[in-house]
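The structure appears below as structure tokens.
A, B, C and D are the chain letters, set down in written order, and residue numbers restart from 1 in every chain.
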Amino acid sequence: MKGIKSNVRERIARRAEEEIKSGYYVNLGIGMPTLVANYISENKVVVLQSENGLLGIGAYPAEDEVDPDLINAGKETVTAIKGASYFNSAESFAMIRGEHIDLAILGGMEVSAQGDLANWMIPGKMIKGMGGAMDLVHGARKITVIMDHVNKNGAPKIVNKCSLPLTGKNVVNRIITDRAVLDVTKKGLVVREIAKGFTLEEVENSTEPDIIVPSSICYDAY
Amino acid sequence: MKGIKSNVRERIARRAEEEIKSGYYVNLGIGMPTLVANYISENKVVVLQSENGLLGIGAYPAEDEVDPDLINAGKETVTAIKGASYFNSAESFAMIRGEHIDLAILGGMEVSAQGDLANWMIPGKMIKGMGGAMDLVHGARKITVIMDHVNKNGAPKIVNKCSLPLTGKNVVNRIITDRAVLDVTKKGLVVREIAKGFTLEEVENSTEPDIIVPSSICYDAY
Amino acid sequence: MKRQFMNGYDAVKDIADGSTIMVGGFGLVGIPEQMILGLVESGVKGLTVISNNCGVDEWGLGLLLKNHQINKMIGSYVGENKEFERQVLSGELDVELTPQGTLAERIRAGGAGIPAFYTPAGVGTQVAEGKETRIFDGKEYVLEKGLKADYSLIRALKADEMGNLLYNKTARNFNPMIAAAGKVTLAEVEEIVPTGTIEPDSIHTPGIYVQGILEAIQEKRIERRTVREG
Amino acid sequence: MKRQFMNGYDAVKDIADGSTIMVGGFGLVGIPEQMILGLVESGVKGLTVISNNCGVDEWGLGLLLKNHQINKMIGSYVGENKEFERQVLSGELDVELTPQGTLAERIRAGGAGIPAFYTPAGVGTQVAEGKETRIFDGKEYVLEKGLKADYSLIRALKADEMGNLLYNKTARNFNPMIAAAGKVTLAEVEEIVPTGTIEPDSIHTPGIYVQGILEAIQEKRIERRTVREG
């Protein structure tokens, strides 16, 4: 994946990697979250779960290692690490639903101030289905959403109320964007970090809900 | 088990064996039902399930084959047949509850005319627990109860209404005793066979509910 | 001891119009390829299909779709198939989307004799609309029902003659639950081995769930061949 | 990578008075022998124990009973233990009897994030008294709730260093579900093997469910030694 123009996606993925502690079992959503795997520090012991029935996703295979029976949830050919295990889909979602996964990093179309997440369908466009997203948001112990701070038209993706159909209500714990890191708390959205090249004011202006600014926040954080 | 004085128990077990068709998956309850295994015809392919997680119970082990990790639901050391499989208790009862077992042969203390079964506790005596009996009576496709026709005091065990706490309501399909074979039907108890040494009248007199006697029944049947 | 079939058509030819069938696989991985081709050949119509995905335009369940053999599809993700989109928009195809974990659990429940269970997935979304919800220990859950099928078509790596099955890697996916949820379960396998050669502790699907076996070569098409550099 | 303990006491010494613990095993088969002895040594009191059986008078959970460490027992069959009877009759011990399949499913549900499900077992009997019943497709079912534990103590044949487990024959029984239903799960195994030596397709319990491992020799007492003649 090194060929990809790094820039924004890479910066978000690198920041998201910091959410992962050594010893964690982690589920990375399809799309940008999958990129996070490329940046996991070699000093951390991390086991990646794939909801199609694999604990211990490895690197993409070399040409001669490709096994058509071994894919991740994004249907990409992968390998398995030493110590990996395979299981069926009911067991996989028992693992997810039963709160055994420490962290899920998912993509988002919209996140509300209350932690509602919309990331599975756009009305009017063909419905593709929610896959495992609705189970994941209720299962993993911590849900981090990574996404651009604003959409292609420059409008906020962090909103007072999601306009798109929900994936889950009150499920997001943390949002990491190209501009900031925010936590969903009972009091509201709390900004923790501002990314390089952005000011607090710019983040506030590009976020629909009011943001709580604690006494200490980290500027030029990533 | 050949050392046991055969007589009544053996006769019931031999008759119960006729319920088993080739190709059946069968669960035999603890006690007298376990004896049925000794009489299964070699011409039949029968797979015995043990609810502690074994499909394919074999013979009791020879002295040098005893494996403490391999027991049946009665906690007796057993062996496994070629083609056996082991699984966990949730899978075992999924197999039972999901109606994958063709036939369960269980012991009984009382059976009512409606097919209610009591076989797990006697009030006043220490409660031991129902084990898997309450799951089995709702799971196997056919439930056959084998027991003595009357209790030690000569009183009927086939009754209008069970006096003992129930294992299940409307669950028994067939009753095989030392005196007769009876089916539980929507119209009532129907006698199918009379055992050697007994008359229809004796069976009627030792059965509390009225018995329906169809035009053809089999005398001296076993 | 279990019935063995000659080919995909032979395995599925008794499946009648209007049947509900479950089909194993995740994407194109672990699908019973030859039995799906057998359904195309049989021309059976009006099927309700329960499967996580619906194949692609030219392979897997996509072939049945193209052939207008499916009336209703229950799955979790159907985004790889343009014909699917066309038939849904034109009203030819009815679709019920279910969260993937709920789908897996509903199928498991069907095979396990559990008529219904509560799950958090979908609460507060359109998935829960019209369904009973209930609070346990302060958290809201939605009631979901077990699923069964007239026929279950699955794919495994190996079967022995008693129908005991072994799956390979992520080709396992929905297959074991689907095996248990069918009134009649037909397993397509890469190899039939003598009874006794699969380790009893390692068997994934006990033979009790399997009524027939088809040994068949698998193409194993890859949807997204991703390799690392160097 | 998973924490490894020195002995049974070392494994269980943090379990506090009043904890709810689940213990694997069917009869004396597949019980974590040394961790049970460790509980006797720790002297922890007021335990709620969830286990299919309660050992015998001189072994397994019977040792905790004798030592008055259990307040409440949830199981399906407790008939092998005279001290159990005495304590129930004297009111020292609270007991909740559950059909074995319901117990297995309640534990599975607890570990799988399912708060409640419907089952036919116990309908029309004292097991269903005071519980919600409901009819699905003309058949009556009773609502049963998932079970979780503060600590789950299980027994396996092998663990690798990542906590992946393999069980032996019928010593598997309740252990895999109990592994998933504990906030902290401690596995007593006959052998710890290097990571990578257990076939990934054959792993019974993935390491994600296991927080600590104890390698210990097992006595494996036999309750009913039954042998054939000749």
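We adopt the following convention: a contact is a pair of C-beta atoms (placed from the backbone, for glycine too) under 8 Å apart; a residue touches a chain by one contact, two chains touch by 3 or more.
Since this is a predicted model, take the numbers as computed values, not measurements.
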| item | value |
| --- | --- |
| Chain pair with the higher count of C-beta pairs in contact (B-C, B-D) | B-D |
| Between subunit C and subunit D, centroid-to-centroid distance (C-alpha), Å | 33 |
| Between subunit B and subunit D, centroid-to-centroid distance (C-alpha), Å | 28 |
| Gap in Å, rounded to a whole number, between the CA centres of subunit B and subunit A | 55 |
| Averaged-CA centre spacing for the pair subunit C and subunit B, given as whole angstrom | 36 |
| Residues of subunit B engaged with two or more neighbouring chains | 80, 86-87, 93-94, 96-97, 138-139 |
| Residue list for subunit C, restricted to those that touch at least two other chains | 105, 108, 112-114, 119-120, 167-169, 172, 200-201, 204 |
| Contacting chain pairs - touch in the sense defined above | A-C, A-D, B-C, B-D, C-D |
| Contact footprint of subunit D on subunit B as seen in their complex | 2-3, 50-54, 59-63, 66-71, 74-78, 80, 86-90, 92-94, 96-97, 116, 126-135, 138-139, 165-170 |
| List of subunit C residues in touch with subunit B within their complex | 1, 108, 110-114, 160-162, 164, 180, 195-196, 200-201, 203, 206-209 |
| Subunit A residues touching subunit D - in the complex, by the definition given at the top | 23, 25, 45, 47, 49, 55-56, 80, 82-87, 93-101, 138-139 |
| Subunit B-facing residues of subunit D, complex | 26-30, 52, 75-79, 85, 88-89, 95, 97, 99-105, 107-108, 119-127, 167-177, 204, 220-229 |
| Partner subunit D, residues of subunit C touching it in the complex | 105, 109, 112-120, 136-137, 139, 141, 145, 166-169, 172, 199-202, 204 |
